[in-house]
């Protein structure tokens, strides 16, 4: 039992951070955010670079060109993506790797939808994963020009770097579109999607904490760094608590993949991302309210991710339902269920 | 329009404070709280003194021996009762004045019940107001020995100065017990009860704020008063906000008596009392956790009052329902409803 | 305690309603949000209409050209105009609510005659040049310097968060005239003509995408000494005097607007089924309590201001403003967070009115004194706790 | 990252389970909560049973008579004993988790031989004399003085919040031996026999009505110099060394207990209909997330402690303890507030187990470092913010 990333995992995470610093530095984020509407064309060169770096193929077997790694590793690199506010349908393309041609290499852009609502990057996508049926289906949309178009109304997205499309109706299950995914099917992919989205929220929450602490150290008001004020200190302390609670939860969920752990991870990471961005903004005062700072981009992306895959209410219901299966169900690790409790004379 | 108490009202409030300081000083509260279980016999001498001071007869016409005052005045004196943690079924006896013989003078002790649940001071009561029917009924219980006993199981009350009885079933409506109350009936009395309970919560919230501020000024840690720490300052500031929000709400409700204003007053005063007691306790550290301080008595009484007359969920539902009657329904003052909005070209 | 209005006040309300009923349907359509010149024109036309009807400068003293109305009348005005959906004060905010009252209180007869009438008639627009990039919560640390040169000050520095700077004629400017004096002592209050040489305005985009605010750069700008209001180096006091002109009514109209938004939230929730969610419904109920209470708090603060004026005081409603602002800014954010919850995924649509309001609500716990500063004020000035270190 | 336990650890778990299964049914009934002598006897009998089975001092070093178990084994022990409903450490808390480890680390061979075996065998009970009425959050300001007189210290002062003082044999006492030294420098750590002349114990009633705590008054109490652990005036360091003995497992058993309480809350809510309330149900769901996460955080802290030990470190899991405690204390209070909500009016029944727990949960944000102090620690020591003034 060791919940900490091992050396290889830490190196993988550091590598992804370096790659993003090189290929998607802050200036690129700002270019994308500051561009006049409608947003810039989808950056396919960056997508390919991410593919080459293995972001999408990470979990494919080595024989299929992947790195043969698991969800814990995927979580760590997605934390970095969330930290850098990397745009694009990262989760869907990652899930499509090995199933949709070109996804693993970053040659194809794949988005996903599991219910009517907002779909990200629909026009730029070559394919759409449909996860609203027990089995997984794929629409080949070819960047909006394919024959299997998913009708969606473009909306002006609150997150300036994530174009959104309002999709009111999903296509019915069509067997010949079924993706060749092994047994787990759409439910498994939805859990993975929720987990990897939570990982990005965690990365964002950690980043806004860093930004808050940096600002608190350097911003002088009343003749001293504002980080000497207890109100600021305590705000930052609660940000750390949220981030660390989310971190242990997300990391553990990547190992157990139980419905309960996934929902806890999503719920707590959403909370950490949204509330840390809010606190970071508050701590920056007027500066935080300006477009030129990055803090609002974190807040807006966190609002977006909060709506994706599993919202708070849904997660809470999953977690509540898990409580009602027996007296030891509340205890996280499954092994306890196996025990025979009748001997317990004390209860 | 003037929401502030006028000079007479302020004098009335000050008079009640003086009376309570003389007749129910802190030592008396502590005697009652520190007594071994079961609690001390009901203090009928104090009850009579309260009656003589007009706490119960305040709103009766002068010709009936009352002071001819209104709910705003009753609210102010009940704030003082809440501040001093005066025990006894104050609200019920006040409501019974003029209807149950002896209530106005404090010769009779009257408790009340509006639904199955916990009834305060049942054994000590001469009568019980039944408010679970459209019209008001009275049981003559004669301190538990009367023929019309209300069956209740005594429970060890969390509030050591308020004996409680668990009443599972209320008697059916019996016409010959109906109290001679004019048109408004039980609904009106329930509103008044909620309001006067809110007033006590407000008094308690103001008192715990005072206690917190006193402690913050005088308690030295790390070589300075803890009130110089921003964390303590901000805790106290939020306590004041809660108390003032509750105050304006309770005072306004005493003037309008609308269902919406009453529910807002109860909800916000409950919140202020419970949360201010919690913050006051936190601020006192280990001292706050000791029986010998009064802060836990405020917390426990506030929990008790929270359950009485209208709980948070019920109040929220009343307030939500009020929103759904039209576009201007959210605006507090009623006159707006009369307006013709169709002329409004801007909307 | 009394919530009824006097017959005179009810008369005032009735006349105002009648006038609004006649006037509002004739207003031109609202200009697009980003067309600032058109918005200025719209706001000034509305101000002119108010002037013509005798409602301009309602709460200003009569000898400053105002109506000398009581705080309660002012409250009624804000309530009724909001309920009728009348335009907001908009571009004339600083002139009517800040710079104007400052000049009325502290200016010379000549200064009053020069600057006040155009404000009341909607002819001249003012903006505010107080905050600086390095002087936010700590306003007294501002660095913009004014050096005397003959009959003028030469001013250099920069200001930030100046709303309507692009369309303003004048700017109330707080500058440092004595760098050697203690922080609060060396400041002066100047009226800057925005077309003076050396003034550069750069729009500042907020996170809501709006360009209402600007940075104002001052590069050797000459401002005549005669444009100084109050004594040299007395600018801090002059500025604070004005703040006291707010008589508990600052956000009265907004509270009414929030109450109405809340009712619309309930209506939308009923339409889209979210109303069936107990938790959401109760959250709306709680917001109803909060905004009802905030309205009562406004009435309490106005009561206090009115009583203060009646007994020869200055009409400043104690420090109730900090209590109000702290709770209101939080309740407003909660209101639009709840709206997002009702909208579901559509809360991500930036074109939805409530999304825009949600974004702008983020400034409420920051602007005009952060919530942290308000808590300090309450702790030290209302509760009398020892000063923090 | 790995959540599986090694075969050795699984073996340890299996043996422990088997032993618990055999042993627990044979335990005598729990004594009434207020009968402290009986509770001492019960707790000590349990400790003796652990000793006989080879589980005493599980996390103590082998050369101190302990089992030298890894932090993970200790975690398994706490998890399994809680799940099996075994007795808590109770009266032996201070001896096993604080005074004992202190003596094991800082004591001489003679001191270890004198004091450690009786702790492990459940023969001698310790209590803690650190806090004073005027030294709460600011422990280093304590005033109890010890003056040398021949081969003994003469100690005068008073201590507060001493649990089990009525039934303890020994008290770990922190006293001021050099009044002239800076606050943290002049303290020493002494082992006080509770039957020494001049020791008076006065039970302290808590708001929960319990008398677990006491005030201890010391009136010219003579304590042999030989009862000092560590060097004179080095007591602050000695005390802090011990705190580091907690290897991320401090509240592990309690978290498991809270998870089970949560499941019982759900069961009661289903019985009494409150489960149908969406808001209440989702609140339970959120608590499930919180306690699941807290359990994961315990595992993460234990992982760190274990890795630290493996690489020659001291096994102190960074400052994760502050993060854990801050969140746990709040979650525990929320748990019992939710329980009250489920109980409805019955939450006012002081005899209900959950009402008692609700009251005692109020101490969690205060005891062992208030939440405010924990936030200071996180801000300054983990996040590296400049020290507040």
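Which chain is which? They are A, B, C and D, in the order written, and residues in each are numbered from 1.
Quick note on the criterion: a contact is a pair of C-beta atoms (placed from the backbone, for glycine too) under 8 Å apart; a residue touches a chain by one contact, two chains touch by 3 or more.
If you're wondering where the values come from, they're calculated on a predicted model, not measured in any experiment.
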Centroid comparison with subunit D (C-alpha atoms), farthest chain: C
Which of A-D and B-D has more C-beta pairs touching across its chains: A-D
Whole-Å gap between the CA centroids of subunit A and subunit C: 40
Whole-Å separation of chain centres (CA-atom averages), subunit A against subunit B: 49
Multi-partner residues of subunit B (each touching 2 or more other chains): 229-232, 234, 313
Subunit D: positions in contact with at least two other chains: 277, 279, 282, 372, 375, 388-389
Subunit A - residues contacting subunit B, complex: 229-231, 234
For the subunit B and subunit D complex, residues of the former touching the latter: 117-118, 155-159, 164, 166, 220-223, 229-232, 278, 281-282, 285-293, 295-296, 299, 303-304, 307, 313
Residue ranges of subunit C in contact with subunit A within the complex: 131, 133-134, 136-138, 141, 160-161, 204-207, 209, 277, 279, 340, 344-351, 355, 359, 362-363, 365-367, 370-372, 375, 388
Complex contact set, residues of subunit A against subunit D: 1-6, 9, 72, 213, 216-217, 224-225, 227-230, 232-234, 236-238, 240-241, 244-249, 251-252, 254-256, 260-261, 263-264, 267-268, 313, 315-324, 326-333, 336, 339, 343-347
Residue ranges of subunit D touching subunit C (in the complex, touch as defined): 277-279, 282, 389
